[in-house]
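Letters A, B, C and D name the chains as they come in the text, with residue numbers starting at 1 for each one.
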Amino acid sequence: MTGSAPPILELKGITKKFGSVVANDRVDFDVAAGEVHALLGENGAGKSTLMSVLYGLYTPDEGEILVDGRPVEIHSPRTAIDAGIGMVHQHFMLVRVMTVAENIVLGQEPSRWGRLDLKAARARVHELSDRYGLAVDPDARIEDITVGAEQRVEILKALYRNARILVLDEPTAVLTAQEVRELTGVLNRLKRDGAAIVFISHKLREVLDVADRITVLRRGKRVASVPRAGATEQSLARLVVGRDVVLSAAKRHGTPAEPLLAVADLHVGDERRLEKVSGVSLTVRSGEIVAIAGVDGNGQRELVDAITGMRAPASGRVRVDGREIAGQGVRAATEAGIAHIAEDRHLRGLVLPFTLAENLALREYRSPQCSARGWMRLAHLRERAGRLLSEFDVRGGGPDSYAAALSGGNQQKVAVAREIASNPKVLVAHQPTRGLDVGAIEFVHGRLIEERDKGRAILLVSLEYEEVRALADRILVIYEGRIVGEFSPDVSEEELGMAMTGGQVSRSEAVV
Amino acid sequence: MSVGSLTVAPPRTASPRSCGIAGVVLGALAWVITLPPIELRGMLASIVLAAIAAALGVVAVRGGQRKLGVETIIVALLAVAGAAASAKSSLATVESVFTWSALAAATLRYATPLLFGALGGVVSESGGVINVGLEGMMLMGCFWGVYGADLLGWWGWGLLVAMLAGGLLALVHGVLSIHLRANQIVSGMGVNFLALGITGYFLEYHYGPNGTPLNISQVPNVRLPLIQHVGFFGAAIGDANLLTWVGLALVPALTFFLFRMKWGLRLRSVGEKPRAADTVGLPVLRIRYTAVVVSGMLAALGGAYLSVGFVGSFSNDMTNGRGFISLAAMIFGKWRPWGALWACLLFGFGNAMSDRVSSVNPTLGTLFEALPYVLTLVAVAGLVGRSRPPESDGIPYERE
Amino acid sequence: MTLLEDELEGHPLGGEEESDQAALRSPARLTAFRRGSGAITVPVLTTVIAFLAGGLIVLASGHDPVSTYTSIFTGTGLNWLFPWIGGAARATAAGNLQQTLLQATPLILVGLAVAFAFRAGMFNIGGQGQYTVGGIVAVWIGSSFAGMSPVLHIAFAIVAAGLAGAAWAGIAGVLKAVTGANEVISTIMLNWIAIWLGVYCFQLGGPLQNPKMPQTPVSSNVVAGAKLPVFWGSAQLQGLDVGIFIAFALAVVFAILIKRTRFGYEARAVGFNPEAARYAGMNVGRTWVRVMLVCGAFAGVAASLDILGWKFNLYTNDIQVSQVGFYGIAVALLGRNSASGTVAAAVLFGALLTGTSDRNIHLSIDPTLVQYLTFMIEGIIIMLVATDVITLRLLKGGRRIAVALRSRPAKAARPSGHGAS
Amino acid sequence: MLLNVRRRIPWLSGAAAVVAVGVFGIVSSASGSARPAIATPFKVGLVTDIGGLNDHGFNHLSYEGLLQAESQLHVKGTVLQSSSGADYLPNLTKLAAAGNNLVIAVGFLMATPLETVAKQYPKVHFAIIDSPGGTAPDTAPNIEGIDFAEQEAGYPAGYLTGLYLKAHKYTTASSVGGQSIPPVNLYIAGFQAGVRKADPSAKLLNAYSQNFTDESSCKELALNQIQAGSKVVFQVAGGCGLGVISAGVSTKTQVIGVDADQNYLAPSLVLTSAEKMVNTGVFTAAKDLMGGKFSSNLQENLSNGGVGIGTIDAAGAPFKAQVNAVIAQIKAGKIKPPTTLLVSK
């Protein structure tokens, strides 16, 4: 233990099993007031499970929890809140149709005879947000605010409940560089106020930036607890993965040839007919990866939808190898040679109750190989699936297994395999590695580069700097529906971040 | 967030939307002027008005408001047909059908049981539990209301027993769909069958072939002495059943509860995102149970209105599908109390109209029996469109 | 990790993405995993438990459940299958079994009409209306064209009834696809509209009312040539006609349609995940319409088999009191929206209806109780279907013990399953 | 019904039903008990329509007739209730095959299946209550139609109504029918003619509820008519018609019962009842057949007591003598109540 203060929270020997799966295996963990203690590990290492135990969402099979040195029984979020624990979940726990203030006070509402006192709620929200620099509009609806603001609401929720111990579960996954910096500032203020902060992440860099101490979990076990001083990305990576890893793959550059995707002056509206893409023009050439970088919600979704035929643009052109497909639907886009790795594999990319053979046919089910005269060629589908599954190293099931039964990484491999198998001219990859662990990310990245080198045009849309810089031959930054800059992959993170946030951040503000 | 908030189609002199709405109003007017109290006998004015309405509809279609525009044109056509029918019928006939005050009174009577059911649906589904069992819960209210009023001698007890029975059946639905995480639609259907069996059996068991007694204490009508003799209002609401007033009062009350009170906030949070509610320490399952049971009680009150309130007896399966109509009204009303009220009133109006029209022409009248259903179908298709239920409606909550 | 365990742990989709929650609302999705495992065991177990529960009710009301059930069973005619039943008892059993299967015929098809919609993510409450419209058309065609060749005439009537039902259901499909109207509301409304349409047609002075019986609100009679041939029992006394084979054949069509055709593939994709279907280039709205057309066709044909098989005419009263569509929902749910399950469930319901009919209940048993017991048993069956997690749990309990006895679990599975971050 | 199916049971006449049981009817336990132990008794079977025995109207009255035959004629009675249309033919067949001498089908819905069964069992005698007007083309010779002259009950009730209207200077009377079918319309035709006979200027209203079970729909129609000025409402809608009586009670309006004497339902408001003795019809058919008498048609009318009117309440008491005079004239054939409606709306 490095901190001089005594821990206000201790977890001792926590074990949690799901059936035969041991998610946490006798894990010890503690955090002191005024300290940021990072919990580091790959997806599936058991970080979130441990925190769910702490927050009373799961009941541990073994072990005990001490707050201020006294053992406490935490069997529900209520008791966790009472013990002074606040949690900012990875998937925000906010009610979309309610306002910021309503979300913050939910469960502990200021009220008179049951009638909500929204005025008091607003005042309290203002007070807290002023104190910690967490700017929010108390009357905005959650569905109308940005992801960053949602996270601020989550933090305010915890502070409103007087949390002394704040758990942040992968807080930076959805944030821009600018927002990450803001978050760091907030955490520092909280620290000064004497809060104890648990910071969960699988990103080595930011852990080193934020934490005072770092505990590494691997396969449900605690493998090490180290002070920040002396820790390096390399040393941490070794602890996380259990072996040495190459952190930045040496990338060969692509050799762009003729343009395959040409988008000109595209305007796209969203469901509410608000314009989300305002005059985007871009070109992707054969053998090239063009990345669209930007903060979530700046029109990426609408842009991708318009290019892939899922949404009709208000105006503008989309040409695939000279063929106009704008507004003609998915089938026309597919026939023209577009494939689309969807942003959300559960929402779009896969039909989870379908078998893998059926899922692998989704893009091409109308082709003569897959179906003839209205009949599905089931034997062919199965045989084809077998081939693809082994080619893409999908583990955990055969052609007849249900997609739902696979792990996230393998599900994504299935989606990637299907799109690549359709032999497209243009591959649109929208957040292709979201929520995947290191191994799966390596695979997907490698495969995208391989396809580029085969001469496909690849449009990558990503929120991750590292991904963008690791893969792209050119980087286009999208901001409020417009392309605001083009960069080469060796652009600095600062510069990129500035462009992504509308260029309003001056360098001096970038502390850390 | 300030991302491009300009509309895709820039507004011209008059927006297609307002054209469409104006068209609907004009279209309706084309028919209304042939009815009491105006009773314009010629067709000309109606045709002119309808033509303008249709033209506005075309403008709306061209301006991109396709659905609204088509709706406008349909309204215009219907209005011409209605005006023609009024013009061809004798004045006496028109007046006998469109006695507005009597129509209003009948509309309220038809709407009352539906309203209770629909409000029950709103409560249950706000909390995230789909309630297809409204029909069965209503039926329970019908029978046990009569049973309670008969056994304990006062309609008030009858209502209480009805609510207990409805709540009990709802509890079964609750256990299945909340605790055992059943498919809620299926569970609701099962509950309906069960109610049919239970009420049928106990009707036989307690009352045998003679049926329920004829002198049970009934929920009284509220006579409003001040306005009872004031023309339209006197006839429309001067002598309405107590439960009708209760139902109407429940609409603002429930709205206030859902959107202005902390319990309403909690209930809706449980229906929208139970996990969020759970993580701030709210007892999700307990809130859901309460919502379902209350919904059963409300539906049972609707049933009790039919038996203890309106006719004073119980006959087998006397809800006659009203629970399903309430369900439709609730969806139609977009899961909100006021919306549900308008839907129920529309449905009640259709029923009241069909009664009156069918007394004018019995052969064709059979077709007019379908009027409330056609009206609802047209309204659901045209005016409402896609509506959004609570986000977690129908999804069982589980923490682990 | 097997699907079964996945479900039992309550993480049917293996992930915690928000989108899963939204997609879960689809009824097809809700029942999807239920079909994966225990396809036969579970419904059978469900039924058994429901009957046991019903037996408790009988017992609680002071009657003897064993004799009650024996009487019901004998009434179903299923004892005909026992070779040792002979003589008069056998003839009675044959008669009862004919009635059971006669009742099951429309239930199969209306059940399929509901099930097909379920598979495509829709809730078709409109089986009754589609059945009604099919019946109107079937009796109209069947009672006209007296000189037509029988095979042609029958085929014509059945096809026309199917098309009528399809058109009726298609209204709900089109409304959903074009305006987004909720199909639950629109099918309920269409049911009522169909009923009044039917009453209008056959009431005194109605356009299709029997001109030879001007005092009766009934249709004309189906001409002799359009009646379905009876192959078991008396052709005069409501023996079993070949309609049941048509129903079976359509159940096979259902299975093929769902499993082997492109349309079935699209329908299921739309049912499980409309967004993914759109992403795959499917036209979701058009699929909805087509699915409803197929559903309506099943229900329409159901009505034609009743009309041409044994009803031969249609009273306004028949239209008003028919319950077929309602039972169809229960049949589809119990049959887990599969072809074979629906057939089995339809036979079960047909048997219940016949077995509890007045003529088959022994006088020593309280017939009141028996009639309402039917509803209660059906209710309990449906509720158990809704929660077949319970039965699955029972199954799993047994399976776990079996596994434990056979061997120790070899190795812990991948830790990527539940809840781990 | 649960989903969408309103249960409407048009047994041919309206009936004083308190309860209309749903799809599955019920054999009251009495059916098993009253079995006289006589060697080779005369056997009578009864098949109800889907209204069930405890409709307290049409089916119930038939059953009472059978009970009467059991106790007075010592016949052996059996009752089978139908749950749905699919039961008619098997039920009739079962009773015919079981050696019943007379099998009675209750209600015109069974006309077609009855004809089929009658041809299969030519030696068994069959009867049907309210045969479809005797106009069915191929009716078998072993079927007897039991038909009622409802107009002869409606007429005196209407006459009483007219007198009541005139005495109080009221203008309007009305009727609520279950469905536009002959037995209902015959009642109403007689009623309307009777009203006009006593008060030629009376305004007449008529409406159909389109069902015989849903009391609230009949109450609604009655309230409409009362609101439109009707001072006497004639219910011809069976169980549904109880809603008419309920409307009378809540608005203090006179009503007229149907089928049975319904005065007990609201003794001061039921002006009278137009009765139809379905039980007598059943009893007579059995008695006649035992005596070797069997015709194609059994006519029940005012003269032979098959129809009539019930208790006249205080409001109608002053006109008793005049009503009785009209009844006598009908019996004497001097007045022939019409069979078609004067006013259909």
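Here are some notes:
The rule is simple: a residue touches a chain if its C-beta (ideal position, glycine included) is under 8 Å from a C-beta of that chain, and two chains touch if they have at least 3 such contacts.
All values reported here derive from a predicted model rather than from experimental measurement.
Chain pairs B-C and A-B differ in how many C-beta pairs are in contact, and the one with more is B-C.
Centroid to centroid, with C-alpha atoms defining each point, chain B and chain C lie 29 Å apart. Centre-to-centre separation between chain A and chain C, using Cα means, comes to 44 Å. If each chain is reduced to the centroid of its CA atoms, chain B and chain D end up 36 Å from each other. Within chain C, the positions touching two or more other chains are listed as 9, 22, 125, 188, 192, 195, 199, 203-205, 329, 368, 371-372, 374, 419. Touching of two or more other chains is recorded for residues 1-7, 24, 26, 180, 210 of chain D.
Multi-chain contact residues of chain B, defined as those touching 2 or more other chains: 192-193, 196, 200, 204, 321, 324, 363, 366, 369, 391, 400.
Chains touching one another form the pairs A-B, A-C, B-C, B-D, C-D.
Of all residues in chain D, those touching chain B in their complex are 1-7, 17-22, 24, 26, 28, 53-54, 56, 60, 180, 205-208, 210, 213-217, 219-221, 223-224, 227-228, 239, 242-243, 246, 249-250, 265, 344-345. Against chain B, in their complex, chain A makes its touches with residues 55, 57-58, 76-78, 80-81, 87, 89, 93-98, 102-103, 106-109, 111, 114-116, 144-146, 157, 161, 267, 269, 273-276, 278, 297-299, 314, 480-481. Interface residues of chain D facing chain C in the complex, by the touch rule stated above, are 1-10, 23-27, 29, 32, 50, 80-87, 89-91, 93-94, 108-109, 111-113, 116-117, 119-120, 132-133, 135-137, 179-182, 210-211. By the touch criterion stated above, chain B contacts chain D in their complex at residues 96, 99, 102, 105-106, 109-110, 135-136, 192-193, 196, 200, 203-204, 207-212, 214, 221, 235, 306, 310-318, 320-321, 323-324, 351-352, 355-356, 358-363, 365-366, 369. Residues 67, 172, 176-177, 180-187, 189-198, 200-201, 204-205, 321, 324-325, 327-328, 331-332, 363-364, 366-367, 369-370, 373-374, 376-377, 380-382, 384-387, 389, 391-395, 398, 400 of chain B touch chain C in their complex.
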